[in-house]
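Right after this note come the structures.
In the two assemblies presented below, subunit A is common to both, partnered first by subunit B and then by subunit C.
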Partner chain A sequence: MTQRLQDIAASSIASWIPVAILAALPFIVGGSWTFTLGLCFANSIGVLAVSFLVRYGGEVSIGHTFFTALGAYAVGVLDTRFGLSLWASVPLALVLGVSLGIAFAWPSRNLHGIYLAVTTLALALAVPEMINNLDWITGGYEGLYVSTPLVPGVEMGLQRYYLGLAMLVAVAAAVARFRLSRQGMTLLLAKTHPAAADAFGTRRVWARIAVMGISGGIGALCGATLAFSGSTVSPGGFTFWQAIFLLVGSVVSFYGLSLFRVLIGGAFVTLVPQLLSASGAWIPVFYGLSLLGMILLGHYLPRIQKTLARRKGGA
Partner chain B sequence: MTFWDTLLYDLFPLIWSGMITGCLYALGALGLVMIFKCSKVVNFSHGNVAGLTAFLVYGLSSGVLLSLSWGMAVIVALLCAVAIAFLIYAIISPLVFESDLTSTIATLGFGLIAQGVTLLLFGADIVALDLPIPRFAFSVFGLLVTGYDLTVLAVAIVTIGALFIVIDYTKLGIAFRAISENPFAAEVCGLNLRSVHLFAWVTAAILGVIGALLIVPTTFLSVTTVATFMLQAFAAAVIGGFASLPGSLVGGILIGVLMNLFTFYVSPEFSSTFLLGIILLALNIFPNGVLQRVGGSRV
Partner chain C sequence: MDQLTNTLRGDGIALSFGGIKVLKGLDVEFRAGEITGLIGPNGAGKTSLFNCLTGAYRPQHGSITYAGTSLDGLPPAARASKGIVRSFQHVALCPDLSVRENVMIGVARNYSAGWASAFLPLSAGRKERQDMATAADRVLADLGLADSADLMPSELPPGTQRLVEIARAIVGKPSVLLLDEPAAGLNNSETRDLMKVLRKLASTDLVLVVVEHDMDLVMSICDRIYVLNFGEFVAVGTPEEVRGNEDVVRIYLGSDDDE
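And then the complex of A and B:
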C-alpha cells in the first residue's frame, strides 16, 4: 500500500514537468494560442469534475454544464454588476457549486447508474432556459463580459492564461491530495464495497452527497475559470451539447484524474471545435466517432494485450 | 358559470391535445423502454436517429435527394432506420454484456454521429414535413377535434396494440419477456439473447420513425426538433419506471397533459425546468414507476 502511495506521489511530481512547459508557453506561441490554451485549461477542470464523479461515485453525469454555468455566472455577475474581481467571485462560485451539488444530490440520492444519468440530462436541459429567463441578472442571450483584472497592471491576455493554468494545477493537485486523504479513501470504499463502508460507519447516501458536492464545486471552478479566461459568459457556452462534450472529454481521457490526462480531455473539448470550425457539421460526427473509438479501445485493448501475452508465452 | 366556461374552453381542450401529444411521447418512450428492458441500455441516440429518418422522408419525398411518393419515402426511411438499428447494435453488442453504463455512453456517440450526418446531408435549415391526411375538423361538446388528432390516435392505438399483442402472444414476445425477467435463465433455456436484443432495437427504431413523422406536423423539422421531442419521451419512460411498457404509456399521456397545463397556466418558458422537477419528484415518490407500488428494501 505504501508503495502505491509513493507511486501516486511520484506521478504528481512528474506532472510538474508539463506545468513548467505550459508556464513558459505564452512567451513562445502567439496571442490567439494563449487564449485557446486558457480555455483548454478551463475545460480540463470541467473534464476533471465529470471524471471525479465517475471515479469516486461510479456515476455518469451529462449535466455538468449546470455547475459550470453557475461558476461562470457567479464571476460574470459579480464582475459586471458589482465590479468585483475573481478574489470575491471564485470563493462564491465554489460555495454555490458545492451547495447546489448537494442540493441536487439530495433528491437524487437513491438514483444510480442510468437513472441518475437521465436526471442529469434533464438538469442540463433546464440550464439554458434558466439563464435566458433570468436575464435581468444574467444578461440573457447577450451574455456578460468579464473585464475586471485579477492583478491590476498586468496584461489581461497573460492574466487570462495564467489564471487558467493556476486553477487547473491547484484543482488537480487538490484532487491528487484528496486521493491520499482519509476522506478520499472512505469515498472510494463506499463506491467499491458499500456494505463494508456501511460497517465502518459511512452511509452510502452520505458518500453520494459528498461526491456530488465536490464534483459540483470543481464544475463551478471550471465555469469561473471559463468566464475569466474566455472573457465572455453567454448561454451558448452551457448548452446540453456542451455537457455531452465534457463527458466525451472525460471518456477520451479514460476518466483520468491526473493533470496530464485531464489536459488531454480538456484539449479535446476545446481544440476539436476550433480545428473543425470551418465545417461545423463534422464536429458532432468527430466527437461521436472519438467517443465510440475510445470506448471500443477500452473494451478491446485488454483483450488484445492478453492474446499477445499468451502468444508470447506460448512461443 | 364563468368557472364552467373556462373549464370547458381551456381545460378540456388542453387535456385533449395533451393526450394526443402524450400518445406520441408514449411511442417514443416505448422504444426506449423496450431496449432498456431487455439489454439495460438507455438509448440516447433514439431521438437523433429518429430525427435523421424523418429528414430522410423529407429528403426523399421533396426532391432534395429523390422525388419519391410519400409512402415510398416512408418505406425507404423505415428500412434505413432498421439498418441503422442493426448497425448500432452490432457495434455495441460486445459492450452490452460487460457494462450497461458504458454501452449507454456509446449510444450518446451514435446520437452525435446521427446529428452530424443530418447536418451534413440536410444542413441546419428548418423545413416543413406534413402528413398526407385529409384536413377536417369537427367539434364535440365544444372540443375541437381535427383529422390530425384522429390520425395520431388511430396510429398510436394500432401500433401500441400490435406491439402488446406481439409481446403477449408470440414466441418472440415471450422470449423478450423471459430475457427481461432473467437473462441468465433465458440463455440457459436456449434463447438467443442477441437476436431478442436486436428485435427490441429494430422495434424501437420503427416506433421512433412513427413518432417522429407524427410529431413533426405540429411544429417543423429541424436538426433538434425530434431530439427535443424524445426528451419528453425520456421523462415519460422515467415516470413509467423505465422498465414497464404499460407504465411508459401512462407516463407519456401524463407528461403530455401536465406539460400542456403547465405551459398554459404557469409559464411556457420554464418547461424544461418543470420537466426536471417532474422527473425528480417521480423518481422519489415512485422509484419503480407509477404503476408499481413501492416495495422491498432499497439498499
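And then the complex of A and C:
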C-alpha cells in the first residue's frame, strides 16, 4: 500500500512539472508560439475525448469533430450574437456535448467496432454542411470571431493561452478522478466483461450511453477551448480530416488519459503540420513518416528503456 | 427470518437454442439457510440454469420467483439490485482494475454518489470510495487475500483470481449467491479455505447455490443437491441420498458396468 501511495505521489508530481513549465512559457517564447500552444492544449482535450471512448468504451470514433463543433459554435454564437463570455458558453457547450453524445449513443447502442466507427464518420461528414446551411446563426463560410474576454482587463493573448492550459489541466484532472470513482470502475468492467457488469448492477446499454455522453462532453469542451484560444470559429476547423487527426493524436498518445500523454497527442496534431509547413508537396509524406516514427518509438521505447536499465545494472 | 420466505423458485423452466432443448421444464427450490449443490456432467445445463436465474437468458417457458416476487422479464442488473449475484465459470475480473477495485465493484450497487462526485473532488465521492474500499479489504482479509489487494489480477495465479471473484460476489452481502465452479483451479489448501468461507456465509438470510465438479467439496458442505443431466433433474436430496442414488452413480459418478 505504501509503495502504491508513493507511486501515486510521484505520478502526481510528474504531472505538475510540465504544467509549471507550460505556465511559465508565455514569459519565455514569442506570441505566435503562445497562440500555437493554446491550440495545442485545445487539441489535447480533443485527443482526450477520443481516448476516453477507446479506454472506457473499447470503441473508436472518426467523427468527434461533431462534438468539437458543438462546443466551438456554442462559444462563437453566444459571443458574437449575445456578447456572452465563456462563463456562460462553456457550461452550454458541456450540456450540448453530453446531451448529443447520449442522443447519438441511444440508437447506436448495439453497434460495435467498425460499424460504430463508420456511424461516427457520418457525423463528421455532416458537420461542415450543417454549419454552412445554418449560416444565419453560424456565419457560414466566414465563421465567427470570438473576442469577449473571460477576465476583462487582462491581455487577450495571455487569456487565450492560459484558458487553454487551465481547461486541459481541469479536464485531465477530472478524468483522472473519474477513474477512481464507482462509475469509472463499473464502466471499465462493462468494457471488458459486459455480462459481469450486468450481474453486478451495471447495464451494458447504460455503460455505452454514459461513455459516449462523457466523451461527447469532453469533445465539446475541446471545441469551446479551440474557439477561444484560436479566436475564430469556421467550418474549416471541423472537417472530416480534423476528426481523423484527433484519432491520430489519440493513437500517438497510445490512448493515454494522463496530462502528459494527451499533450503528446495534442502536440502531434497541432505542431507537426506547422513544423512541416515549409515542405510543400512533401507534407503528407513527412507527416506519415512522423506518425510511423511516433508509433514505433512508443512501441519500442519500453524495451529500449529495459535494455538500457539492464546494461546500467550490469555495469 | 422465515426460511421459506427467502426462497428462489423456478417452476417449469424450459430453455432451447434452436432445436436443442437445454433445460426441460425444471422445477427448483433454493432455500435460504441451506447450501444447495447443483451437479452434473459437462453440458448438463447447470450454467444455463444459472443464466436463467440471473436474467442473462430468458427461458421460453416457466417462471422464476424470489421471496414470492416474480423475476420474470427483469434484466440481470435489476436482479442484481435485489441482491441476486453470481460468480462466473470463467473468471471475469477487469484487468484494468486492482484486486481491491474489482472487489469494490461487488458493493457498488449499494452506493449512489452522483456524477459530480465522480469528476470533482467532493466529499461524497471520497467517502463512498473509502467505504467501498473498507468493505472490500474486510472480505479480502477474510479470504486471506489482504496482501493481494493492490495487485492487478494478471499478477495472481488462476486459483487466487477465482477467490477474488468470490470476494466480489460476497462483498455486497447478497440475498442470493450463485457460485459457478468456485473451486476450479484452486489447490487443496485454497479449496479448504473456500469451504470454510462458504460454511461461514451460510445463513438464514442467504440463498447459496454452488455449481461444482469437486465432489468432496459438494458432499461435505451442501445440505441439498440437485443432479442435472441433459437438462433434466435425475436426483434431488441430501448428500447421502444422492450418493446412494443408482441413477446418479450410473449417469454422473460412473458405475462398474461402464468400466
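To be clear about the criterion, the second predicted complex is superposed on the first by the 266 of 315 C-alpha atoms of A that agree within 3 Å, B and C clash if a C-alpha of one lies under 4 Å from a C-alpha of the other, contacts with A are read in each partner's own complex, and residues count from 1 in each chain.
The rule is simple: contacts are C-beta pairs under 8 Å (C-beta built on N, C-alpha and C of every residue); 3 or more make two chains touch, one makes a residue touch a chain.
Nothing here was measured: the structure is a model prediction, and the numbers come from that model.
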First (subunit B), second (subunit C), both or neither touched by A:192: second
Partner chain(s) touched by A:111 [first = subunit B, second = subunit C, both, neither]: first
Touched partner set for A:203, first subunit B, second subunit C, both or neither: second
Contacts of A:181 with subunit B and subunit C, given as first, second, both or neither: second
Which of subunit B and subunit C A:81 touches, first, second, both or neither: neither
When both partners are placed on the shared chain, which of subunit B and subunit C touches more of subunit A: B
First, second, both or neither for A:310, with subunit B first and subunit C second: neither
Residues of subunit A that lie at the interface with subunit B and also at the interface with subunit C: none
Subunit B-facing residues of subunit A, complex: 60, 62, 107-108, 110-111, 113-115, 117-119, 121-123, 125-126, 129-130, 132-133, 194, 244, 247-248, 251, 280-289, 291-292, 295-296, 298-299
Contact set on subunit A toward subunit C in their complex: 1, 3-4, 174-175, 177-178, 180-186, 188-189, 191-193, 195-196, 198-203, 206
Touching residues (chain side subunit B, partner subunit A) in the complex: 36, 40, 42, 44, 91, 94-95, 98, 100-102, 104-106, 108-117, 119-120, 231, 234-235, 238, 242, 269-273, 275-276, 279-280, 283-284, 287, 298-299
In the complex with subunit A, residue positions of subunit C that touch it: 54-56, 75-77, 80-81, 85-86, 88, 92-97, 101-102, 104-106, 108-109, 111, 113, 115, 117-121, 125, 128-129, 132, 149-150, 168, 172
